[in-house]
Each structure stands twice: as C-alpha cells, then as structure tokens.
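Each of the two complexes below includes chain A, the first together with chain B, the second together with chain C.
Here is the complex of A and B:
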C-alpha cells in the first residue's frame, strides 16, 4: 500500500506545474476576503473561506487526481501495468486518494490567510461535525476523481469538457449561495450530489451544531459511498475493456 | 574613389514598403495557422458546453457572491467586472501555446529564420484574444439573464471597444511573459493564475479601486473603469481609453524587449530543445 501512496506523492511533488493549482486556488480566498472586508461583511469570512477550500478540493480532483491513468498512458506504462498480475485498479484508487490528500493542507493555508492576513477570526462552532463532514466530502471527491480518471481513458474527447467541471459545479454545489436558489431542475440535481450536502454541512458546522446532524451525515455518507462505488465499478469496467483491446492505449 | 551611392528617398520608401509587406504576409500566415489550431482545439459543442458554459458560470458564481453580500449594487458590480475579466483571462492562453511551440519543435525554426519572433508569435496566438473578446462580449450581453444586471443597449458598442482594448492590453502582457513560459514550461500555471489573481485584486474587477497602486499599470483597469461608466449610462470615457492605450503601449514594448531576448538566451543555453 505504502509504495502506491509514495509513488503518487512523488509524482505530484516532482511536478511543480501541478502544484500551481494548490497555490492559486486557495489564493482566491484573498480575493474573497478582500471583497467581504470592503463590503463590510466580516461575518461572511468563514463562509468564503470554506468556498475557497471546497473549490481547491474539487479542482484538484478534476485536474490533478483524475490524471492518474492518463499519466500512465502518456509515459507508456499503461500496457505493462495492465499486464501485471497485481490489481491495477487497487493501485490506482490508492494513488488517486493519496494525490487528492495533498490538497488538504490548503485548509490551513486559507485559515492563515484569513486569520493573519485579514484578522478574521475563523473558528468552528462544531469541529467534530465539521471534520466528519470534511472526511466524507473528501471520500466523495476521491470517488469522483476515480470516475473521471476512467472516463478520460475511455472517451478521449471527455477531456475537452474538463473545464466545465469547475465553476458550473461550484454553483451546483451551492458553494456561495445555497443550491436551493438555483433553477428547479438544477436544484434537484444538486440535492442528490454529495458535494452540495458536504459543503452545506461544513458551512453550518462553522456557525453552530448543524440541525439534523445524524440524518445529514448519513445522507452524505450514502452519497459519497455511491460516488465511490460508481467510480470503482466504472474503473474496473474500463480496465477490463483496455485488457481486451477495446481502448486506445497510445497517448 | 567613387562616393557610395545612397538610396534616393523613393528607393528607401519602396524598400520600407517591401519590408512592411513581408511582415504583413508573415502576420497573415501566423494568424491563419493559429486559427487552424483554434478550430482543432474545439468542436462547436465542446466550445459551447465545455468552455463558454464554464466562463458564464464563473460570472454567475462571482455575481452570486454579490448576492451573498447583500450590499445594494454589489451583485451588478461583481457581475460586470467578472464578465469583463473574461477578456484578459482568455488572452493569457497564449502563454501556454507559446510553450507548446517549444514542445512541437517550431521555436527552434523560428530562431533560425530571419523573421522577427514577436510578430510571428503574436499572430500565431491571436485566436486567444479573438476568443476572449467573443466570450466576454457574450457574457456581457447575457448579464441580464445571468445576474439580472441591466446593461443599456446603447452602451454595448462602447463596451465592446473597451473590452477589445483591455483584452489586447492583457495579450501584450501575456506575450511579455511567454519567454518565461517557454524556458520553464512548469511555470505556465503560475504565470497565468498569478496574473489572474492580480487582476481580480487590483483591476477593479471585484473590489472598488482606490486610485493609483498596481492596478494603474495592469491591463483592463482603465478599460473596466470606462466600461462601468458606460454601463451606468455615462458618456464615452475617453480618459479611460487613453489610459488603457498607454498600458497597452507599455506592455507591448515590454514584449518587444522580452521575447527576442528570451529566445536568444534560451537558444544560447540550449533551452529550446
């Protein structure tokens, strides 16, 4: 297990270009903090800090963690890995989870920017609820990255839609204003998405112990597990197709 | 010993015209080959549902932040600023494509040729500026739908002019940064995101300008001030146009120095392979 995690971490840390996301998406918090300060709304600092953190988590999943299979293909390693007796899917899942975990320190980075740079008191009213929601949201994000990684291998053109998975998803997850304010069909989609539930729960946990905490945690856990299940099943299917020669392996 | 014959004024003019004609021809080839790349980069579906959707959602995202603030006028302020920002955002794409020229091996050929590098690179990536103006104009026209921000119809041509100028100004800044992007391809993300965050902070996109500061030399600051005046029903803001022209001039001058210098330096150190 450790060798998969170590490989993933080395692949991320040795590519400084990849880390630019981790530098700049949290830096959006500077923009958000400046906006709330200039408009005299310091009470919104914690909310926009969370917005910035979830943006980091999600964009890292879309642009970095999901690149695992494509990276192997570009390096010409995919054929060898597919032919190896050990499970490629297991290795990929561990690598994707490790890569995604690299962005967790962004929370501290954002808290430091808000606290030291702007003097906003960023405190959590319900830390246990926040951490539980964060872990489940993180798990769901890993599941999404697994799904995307498989999709990018199966459908080459899917990559051109990668950009559309950023801001439209931030809106759908209700990262700024609640998703219930979206047009009704979009609000319905959002209601079944783990990221919207996770962001909502974490936001509430910043200010007080969230209402209906056990039920909401359970729903979040089910949605995140569903996301992972979908991701893993799809990945196994893509790997099976690749072994059968149904997927172009050349970059 | 006979005196060397100096060219007559008419011969000098003819030579100058031939040189200008050659540059124009090069520029045309660069633009048309760039647009071939542009057409291959997107299909109409991936452009509309992948790229435009993302940009429009970005404007809606920041406009919703204005709604969250609950301060009168803040939603319109953020919506208009972020729609205008799409111009500079798109123009920064040239940093990546010039770095891609190195991967493709075409930069070495450019160094070996007699053609000046800046006009060729500027022409090759011009489709970024074109796309940026197109998407920013589209987002501005859609503002009533995206954020409920009313933009007077009569102001749209003026806004378009200033948007073009602000975008071209940022395109010049992006060209000045290309030597860094081609020498160290890993810095591309840092360069484009860094400039974008600076623009978001100091160009009056999300926050009100306090006068002076880094914003006055950054692209789009002056153009956006003018765009806001026009959207508020004001007369055409000539000082804003003048200010943005000066900023454009400064950055194109920087590009004219940086690009040949960067290419020469990279060629000498073997950094183009």
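Here is the complex of A and C:
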C-alpha cells in the first residue's frame, strides 16, 4: 500500500466522527426496506438497496473525501505539502480515492440489512456489468470529491452549501424518482451526469444484463473521466493560485 | 547541488502582494544576498519585515514578482521541482503536522512526498527520528508532544530526504529555554556536517551564536549585512550598563546629570543604558551609584543592540 493511501486511511480512521456517515446513511435503507415490505413489493428491494448505497457513496464524497484540502489547511499542512518535491495534486488524488473507498463496505452493510434484517433476496443478474458500472461510478465520485475539495479552498464559505449538494443530486441522479420524470431542463442535466448513468446501469444489472451495455459503459467512462479531468484541472488552478499568493495557506 | 553554485543566491528579489483596499504592498523590495555552501546565515528583522515571505519564495511556496532566486544552483521558478528536492523547510509554530498521526507516520508520509520508496522511507524515518532523540516517541500521536518535541519532528521531516539547504523559519519561537537550547545544539550538529542553513529568527542571541553572517531586513529591504563581528565593530566603543532593579528616579537622574548614555527602563524594572567611551561609562556609573543602584553590570553590545540601532520600534511607538 502506498504511503499516500496509508496516510489517507489513517487520517480517516483516527477521526471516527467522519465514519458516522457509514452508520447513518445506510439507515435510509431501513426506512426504504420497511416501506417496501409494508407495500408487499419485495421485487423493489434490490433497487432500494442500490439507492441507499449510491446515496452513501455520494454523501461520503461530499462530506468526507472533499474535506482533504481543507483539512490539510486547518492542520497547517497545505503550506508544507506544496513545498514537497513530489506533486501534491497526485498525492491528493490518491488520498481522496482511498478516503472514498472507505465507504464501499456500506454495500455489504445494506445487503445485510436487507437480507438478514428483512429477509429480502438481494441478488444481481449481471454481476460483471454491475461491478464495471460500480467502478466507473466510484471513479466519478472521486473526481467530484477532487472538484469539491478544490472549490472549498478557493471559495470561502462554499462549505456552507455542502448540504445542498445531497438531495438535489439524489434527484438528478434518478435515485428518488426516475430521471425521466424530471422537468425537461433538469432531465437534460441528469442525462449528462455520470451518477445518473452509473445508477441506471447498476440498477439494470440487478435484474438482467443491461441493454446496450458496451455503449452505456463507454458513456459512463467518458463522463467519469470528464468529472476527474474537471476536478484535476480545477485543483491545479487552486494550487497555482496558492503559489501566487491568491489562496490563504492557513485556515 | 551543482559543484560551484552557492547554497542560496538572491538577486534583486521583489515580491509584491496585490489586491485589497490597501493596494499593493512590497513585502520584499529588491533584496540581494548569497549564502555560501556550508554557511549559516541569520535573517533578522521585525514582524512584517519580509522574512517569512523570503522563506516561502525560497521553498517555492510563493513566486517572485521579479528578480532571480537560486537554491542549490536551481532557479525557483524554472526549476521548482529540483529546488523542492534540494531544500528542507522547518516552520515554527505548533501546526504543520497531522496531529492525530504519530511522528513516524508524519515523517514517512513526507518521505513519500520526497519520492523515497516505501522501504527507504521507512528506514530513513527511523534513522532521523533516532538521531533527533525521538525513537522512543515515534509511535505517539504528535498532538501529545511538547513544543520542543514538535519542532524536532519538523526537523526530522525536513532532514528525511537529506536536503542540501535547510530553511529554518523561526524554529525556536515559543520554546522554553531548555528546548530551545536543545534545538540549537541540533542545528550545530547540522552545521558540522556542512549543511547550508538560512535561519530566520527574532532571537538575537541564537542568531549570534549560530550564524556565520547575518542579514537585517526591514520593510522588505536589507538594512545591514555581514559577520556579527563586523556589525558589532560599529559599536566597539559602546557598553551596556544594566541595573536589574533600578530605584525610582534613576532614569531621570541620568538624564539630568548629562554626559551619560541613553537610558531606558523596561517593564520588568531593568534599567539599560548604552554608553560610548570610558568617560561616559565612568560618569554613568557614578550617577547610578549616587542614585542608590546596586547589582550593576556592564556588558559589551550584542546583535540586539545593533538591531535596535538600525531598526526603529514601530510596533510599540505611538504615532
């Protein structure tokens, strides 16, 4: 394991508070599974489990992984790390990816709640397609966290809007209602967003091999790569501004 | 470091902070100086003089507005990566480390940021922590460390990749005297190994003890530079007469007597009078004796006297 990844994991594990999301967000699944059972629709259980998991993935990116740069600044580390011979941006990407990966066990947590707690049969029809879509969606959320991490440093007070980046994003990703039911402008935004494509593909993979799988995987890969590119470019800009004295190096 | 290059070479360096209602501010205004290889140069000056800005420019944290800066022969703008690989930066203060991580974990992460492989990083971390007397504390979170120990971790981090040049930015600020003494001893060991060091400090005694040469900076400009002995030569005739607990009215009696030096009384009640020449010294001692002063001591001027003679006290003066 690289020192960057190890450091990221140590920083998360030594702040148990940041893991609270892994406890609270899957609780959504309890609510959702209860509704499913109440209405006698066990066929929706897998979809509901997936919704809870994608919510966890996204909220972990917004509330935990995106804190990396701000945390470095609060500890007085930003200044030090910018003076390091190796790229701070590269280290940060590895650290954010490692931090984001910490939320992946939530999938097992939700499956256990659904399977053991509620007795729903949670199976996936096309596991390979599901895993491929999951990996690309994960990569996209890492890109989003990189973008947000830079944004939180560049724009003072941006963190105030962290909460606003959850529910609207769940809607846009088609997690709460199908994206096709969204008003036209919002549906268009949703159609260009990796999270909506990723959630759709994983949802379909639960029931059968998704139609047009290669094309959809390719689109998801392009959108996730675009998200990462945007994040990295924005982060480089923030680092350049920091060197020009345009960003406070201390909190 | 390239064979013939100085450790640090600063030529006509200007750094301007722009923006804000106050407009532009010249933090560094055309300074030039050189630190030879293996030399220690003390950078002195009041708060806001530009010392930290200079340390940041040297470590590529800030880009110069104009002028040329080379560290270990590399240009800080065009060859920033090589500069970062050649320099070790030690910042004063309690921050700059991950508090929840141990000393070992902090230094190992930095070793990775310096491009050391996992095994080499682990080995070098062990070595520097042992050298700096932290081996027994390597597995404790640094948030539980004392100020002196924290500064040793900062130094361990700076040394893990064996840099050619070390920039120490107020490294003993806030340390108790024992910790500061211990830290100074560590710096001496580095000097013996031939490390090039730029030391920014407010502690004149520390600067005088450690520096081969000193540079006095005020409002972004160099107001004096040279070996401590050279700077003190201008004050060769001067002596400082101190009275630990001066009785009331002693300062006024000196002023009224005439032919004495300039006396000041600090908040602790110590009277300090700088005199020039034997006659003034004798006259001052006589007046102090008549005023009932005891515990009089006479000392030669130090760098702090040079500092006070060149840099006016703006922070506590009322305008």
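The rule is simple: the second predicted complex is superposed on the first by the 250 of 251 C-alpha atoms of A that agree within 3 Å, B and C clash if a C-alpha of one lies under 4 Å from a C-alpha of the other, contacts with A are read in each partner's own complex, and residues count from 1 in each chain.
Basically, a residue touches a chain if its C-beta (ideal position, glycine included) is under 8 Å from a C-beta of that chain, and two chains touch if they have at least 3 such contacts.
What you see is a predicted model, and the numbers here were worked out from it, not measured in a lab.
K.L.:
Taking chain A as the common reference for superposition, should the pair chain B and chain C be classed as clashing or as fitting?
P.N.:
Because the two structures are overlaid on the shared chain, the partners are seen to fit without clashing.
K.L.:
Please indicate which partner A:41 is in contact with in the superposed arrangement: first for chain B, second for chain C, both, or neither.
P.N.:
In the superposition, A:41 contacts chain B only.
K.L.:
Between chain B and chain C, which makes contact with more of the residues in chain A?
P.N.:
Touching more of chain A: B.
K.L.:
Can A:85 be said to touch chain B (first), chain C (second), both, or neither?
P.N.:
Once the two structures are laid over each other on A, A:85 reaches chain C alone.
K.L.:
Which holds for A:10: it touches chain B only (first), chain C only (second), both, or neither?
P.N.:
The second partner, chain C, only.
K.L.:
Have a look at where A:166 lands relative to chain B and chain C in the superposition and call it first, second, both or neither.
P.N.:
Only chain B; A:166 stays clear of chain C.
K.L.:
Given Cα centres, how many degrees, to the nearest 10, is the angle at chain A formed with chain B and chain C?
P.N.:
90
K.L.:
In Å, how small is the closest CA gap from chain B to chain C once the two complexes are overlaid?
P.N.:
Nearest C-alpha atoms of the two chains are 14 Å apart.
K.L.:
Give me the intersection of chain A's contacts with chain B and its contacts with chain C, in residue numbers.
P.N.:
Residues common to the chain A contacts of chain C and of chain B are 15, listed in rising order.
K.L.:
Provide the residue numbers of chain B that touch chain A in the complex, in ascending order.
P.N.:
Interface residues on chain B, with respect to chain A: 42-43, 46, 49-51, 53-55, 57-58, 60-61, 64-65, 67-71, 74, 78, 185-190, 193-194, 196-197, 200-201, 206-208.
K.L.:
Could you please specify the touching residues of chain C with respect to chain A in the complex?
P.N.:
Touching chain A: residues 17, 56, 59-63, 81, 84-85, 87, 89, 91, 93, 95-101, 105, 108-115, 118, 121, 141, 157, 161 of chain C.
K.L.:
For a test of understanding, state which residues of chain A touch chain C in their complex under the given definition.
P.N.:
2-4, 6-7, 10-11, 14-15, 75-77, 79-86, 88, 91, 242-245, 249-250
K.L.:
Touching residues of chain A toward chain B in the complex: what are they?
P.N.:
15-17, 20-21, 23-24, 27-28, 30-32, 34-36, 38-41, 44, 47-48, 157, 160-164, 166-168, 170-171, 175-177
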